[in-house]
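Alright, structures below, take your time with them.
In the two complexes below, subunit A is the common chain; its partner is subunit B in one and subunit C in the other.
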Partner chain A sequence: MSGVEGYIYPNEVTLYWSVLIVLYPYITGLVAGAFILASLERVFNVSAVKPTYRLALLTALSFLIVAPLPLQFHLGHPERSPEMYFTPHSTSAMAMFGYVYLWYLMAVLTFEIWLDYRHDIVKMAQSSKGLLRLVYKVMTLGSSNISPRALHVDERVSWVVTLVGIPSAFLLHGYVGFIFGSIKANPWWSSPLMPVVFIFSAMVSGIACVMVLYMAVTRLRGKTIDMRCVDTIAMYLFYTFIIDFSLEMLDLIHRIYEADESFRTLDFMVHTKLFFSQIVVQIIFGTIVPLILLAITQVIKLPELARKRMYAVAGALTLVGIFAMRWNVVIGGQLFSKSFLGYTSYKIALVTKEGLLVSIGLTLLPLVILWVLVKLLPPWTDDKAAAGVAAD
Partner chain B sequence: MKITRRQMLILLPAAAVAWEHVLAGTPESSPNYKLSDHWWSMLIDVPKCIGCGNCVRACQAENDVPDGYFRTWVERYHVSDENMTNPVVISPNGGKDGFPPVAKEDEGKYFFVPKLCNHCADSPCTQVCPVGATFVTPDGVVLVDPKYCLGCAYCVQACPYGCRYIHPQKEVADKCTLCYHRITKGLTTACCEACPTGARQLVDLKNPNDPIHEFLRTHAVQVLKPQMATGAKVFYNELDGSVR
Partner chain C sequence: MSAFKDVGHLFRFAGIFVALFVIFLIVRVYVVPKSFGEYGHYRGNAITDIAANPIKYAGHEACETCHVDVQDVKKNGKHAHVNCEACHGPLARHADDPSSMTPVKPDTATLCVRCHAASAARPKTFPQVNAEEHSTGLPCQTCHQPHNPAIAAGGTK
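Up next, the complex of A and B:
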């Protein structure tokens, strides 16, 4: 049989969780990570990252809107997916997805963005014209009181929402890790460390994503990158990444030392079918190289331009590395037979429902949504500062 | 309340649709069959299996199983004296067309192992289903409701035995039903009926007269992957330790 090595159970030839299921934890990870970065400013008073606060929230929202789409495309019967809300199965981790997702989307992210932007939305509803005015008017949700007292209430409520949001972000992505970690039939997935590794890798990818986006967009806008902000983000990225990498190494060392019945099969897979995506892309280029780059910026005082370049390269490599990590978890977990006697292969199709084109589209879609959101709700603090200076 | 003829004409089709919806979950009627009187499982007598593939063919014909997918299949194990924990296993086309002959010079032992859904009492596949489309019946059979299944394949990932697949046309999870449509009418399964040596036997653990009770008492009987603690109910007589 083509693509099969050794003996696999005959129903294992087809690999059911495709690249779309790789995208799903990748996208939700970006959401959770971006939100946690935003919460640094709001809850932990890290004022240096303020320039990215709103951008991080809008990034999280753009990715969160797209997060369920890979699942929908993957389902054999997407029209039945509302059943997960109406008749959820209480013992299924996946059944909780709908609720965690809705909670996070509506109660945390959208609410926080609305609170933070309410003042601006009311102002823009007054100053804009035509259709845009109507859009902003709807977005005020009838709440146009922008007295100092009302804004103070907004501020307090927003603080509470962020506080609730942090455990929610952990819940959102920890739960995605649990979906894999709780499958006892699959030794590649079954690990209580899985949710923790997913949370930390989510933070790493989200922080890297906002850092790269901020630097790229600021450059495109012809503005100056706030180096104090980027330096702080890079520092957080570095420390989070160290925790993430340590956890993954702990998992690896534990597996090697225990060497249970599945070890030989999984070890062979890592040295053959997963060698490029795991060893080369994930570990070497996606983890060790960015960690070294970030470490250099932490210990050596480099000029601004060099730091910017190193951050950009480290951020981009991190994003590729975390994607590779999701790939290795999802696809790697299906390449070997549960008989531990053989392997199957995964070939990504081009134009099918779960093919390459759809996945590229779903990866780019959040950026399109972000572009619209940024146009509608400008997140920039430098414009304001400039306007403020001019007014003074 | 007065209903006009016009209202009646509108209401009737709506009522018919609603009634059909109410009836949708009703199982096919089986008079005299009481769910609580049975607890179905299967006995596989490994030394009796000759690898003829009759069971696989009968299952595919009875249940319209698509080509390349298997509700039941047969594996041939070759275990050599030097490497007892690493058997060489084959199952060409699920054993449907039998097996190639064994070379005379090959050492070690050969035996056949029929596989099917283990109809686990604590089945991981039903645990993970997000909508409860797959479930354990009160008489101990794990089934899938094809009208309810989302086709997410989480159950396929959760089954330690590789017994599930996504039906390529229906796009829902599919697996052995223990010929539920037959056993609830007093028949045996298609695979058991087709087996020429009696290597597969349908058993009812709640029936005190079923010979399985005597068999379990007097034979060394195992289930597959007992470490998975799934409450597997397909019992294997004289199962070799190398079988996965």
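Up next, the complex of A and C:
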């Protein structure tokens, strides 16, 4: 049988969780990470990252809207998905997650974005024309009260929402790790560290994503990149990355030291089938190289241009590395037989429902949504006056 | 009322939440089947629906009432406890009215290997063959009588 080595049970030959199930934790991770970055400014008063606050929120919303789509494509029959809400199964983590998703989408992200933009929305509802005016009018929910006291109330409520949002973001992504970590039949997944590793890798990817997006979009807009902001984000990325890397290494060392009955099989898999995606892409290029680049920027005083380039390369590599981590977890966990005596292969399809093209489309879709959101709700703090929405 | 003036917009947002929740509850009443949860986390009426499906398998007792000659061969062999329809397929219609349909005889070249193809997952004592080497594609019944397959029991050869 092609692609199969050694002894493998019949139901293990085909991988049922495809690249879309790789994409799903990747996208939810970006949501959680982007939100945590936004919370730095709001809850922890890190004013340096203010230029990315709104962009981070809009990024989180764009990716959150797309997050369920990989699952819909994977499962098929999207018309059945509301049944999860109508007849919830309380003992199913996946079913309960549907509520966490809705909570996060409605009560956290949408609410926080609305509160933060309310002043701008009211102003734009007054200054814009035609259909756009109607859209902004609807978004004001019929209230044009932007008195200082009302805005102060918004500020306080928004702080509370962000505070609630942090555990929600942890829950959102911790759940994804929980789903894998709780599958006790699979030694590659079954680990209580899994949710924690997923949360920290989510923070790493989300922070890197917003940093790269901010730098790219600012460059495209022909504006100057706020280096104090990017330096601060890079610093947080570095620290979070160190924690994430340490946790992953802790997991690895624990597995090596414990060396249970699955160890030889998994070890062999990492040195053969997963060598490129795990050792080369995830660990070397996706973790060690960006960590070294970020470490250099922390200890050596480099000129601005060099820092920008290093941040851009480190950010892009980080995003690739975290994707590889999701790939290695999801795909790697299905490549070996539970008999520990054989392996199968995964060959990604191209134009099928779960193929490469759909995956690329679903990766780009959040960026399209973000583009629309940015047009509708400009997140920039540097040209507010030009847009005619300056604080009065 | 003036105390609420500057928080009025928050009530509007909360109002959307409440409205959506009420819509959800109303839709739920209509879309969740009445019998859902009657016995467990599924539609209770599914059981009666499934029970109402036409029966497709007749059971070996029905076959044996007419095919006594086959039963006599089968009862002494290794396949004594293999149900007739495990190989011949569902034949309730034939059992109800034998003239309404004539069962197609299974192709033993493909049927027998379902159970007897060599596989490491099968018990060592279970008869298994590599069909290519064993019979070079010939139907198994060339040598074995399917109802009592041991050669010594009087296969066709």
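Rule of thumb we're sticking to: the second predicted complex is superposed on the first by the 382 of 392 C-alpha atoms of A that agree within 3 Å, B and C clash if a C-alpha of one lies under 4 Å from a C-alpha of the other, contacts with A are read in each partner's own complex, and residues count from 1 in each chain.
Just so we're on the same page, a residue touches a chain if its C-beta (ideal position, glycine included) is under 8 Å from a C-beta of that chain, and two chains touch if they have at least 3 such contacts.
Model, not experiment: these values are computed from the prediction.
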> Mind checking subunit B and subunit C on superposed subunit A, clash or fit?
Replying inline: clash
> After lining up the shared chain so the two structures overlap, which partner does A:103 touch, if you call subunit B first and subunit C second: first, second, both or neither?
Replying inline: neither
> Between subunit B (first) and subunit C (second), which does A:145 come into contact with in this model arrangement: first, second, both, or neither?
Replying inline: second
>> With both complexes superposed on chain A, which partner does A:263 reach: first (subunit B), second (subunit C), both or neither?
In response: neither
> First (subunit B), second (subunit C), both or neither: which does A:77 touch?
Replying inline: first
>> Just to be sure I read the superposition right, which of the two partners does A:285 touch: subunit B = first, subunit C = second, or both, or neither?
In response: neither
>> Quick check on the superposed pair: does A:12 touch subunit B, subunit C, both, or neither? Answer first, second, both or neither.
In response: first
> In the superposed arrangement, which partner chain does A:346 touch: subunit B (first), subunit C (second), both, or neither?
Replying inline: neither
>> By residue count, which of the two partners contacts subunit A more extensively, subunit B or subunit C?
In response: B
> Can A:337 be said to touch subunit B (first), subunit C (second), both, or neither?
Replying inline: first
>> Tell me the contact category for A:153 with respect to subunit B and subunit C: first, second, both or neither.
In response: second
>> If the shared chain A is used to align the two complexes, which stretch of subunit C, 1-9, 55-63, 91-99 or 109-117, clashes with subunit B?
In response: 109-117
> In the superposed view, which residues of subunit A touch subunit B and also subunit C?
Replying inline: 7, 9-10, 87, 89
>> For a test of understanding, state which residues of subunit C touch subunit A in their complex under the given definition.
In response: 5-10, 12-13, 16-17, 20, 24, 27-28, 31-32, 36-37, 41, 120-121
> Inside the complex, what are the residues of subunit A that reach subunit B?
Replying inline: 7-14, 16-17, 71, 74-78, 80-81, 83-84, 87-89, 91-95, 97, 179, 182-186, 333-334, 337-341
> Residues of subunit A touching subunit C in their complex?
Replying inline: 7, 9-10, 82, 85-87, 89, 106-107, 111, 114, 118, 140-143, 145, 147, 149-150, 153, 157
>> Could you list, by residue number, the parts of subunit B that touch subunit A in their complex?
In response: 68-70, 73, 75, 86-91, 93-94, 115, 124, 126-132, 148-154, 156-166, 170-172, 228, 244
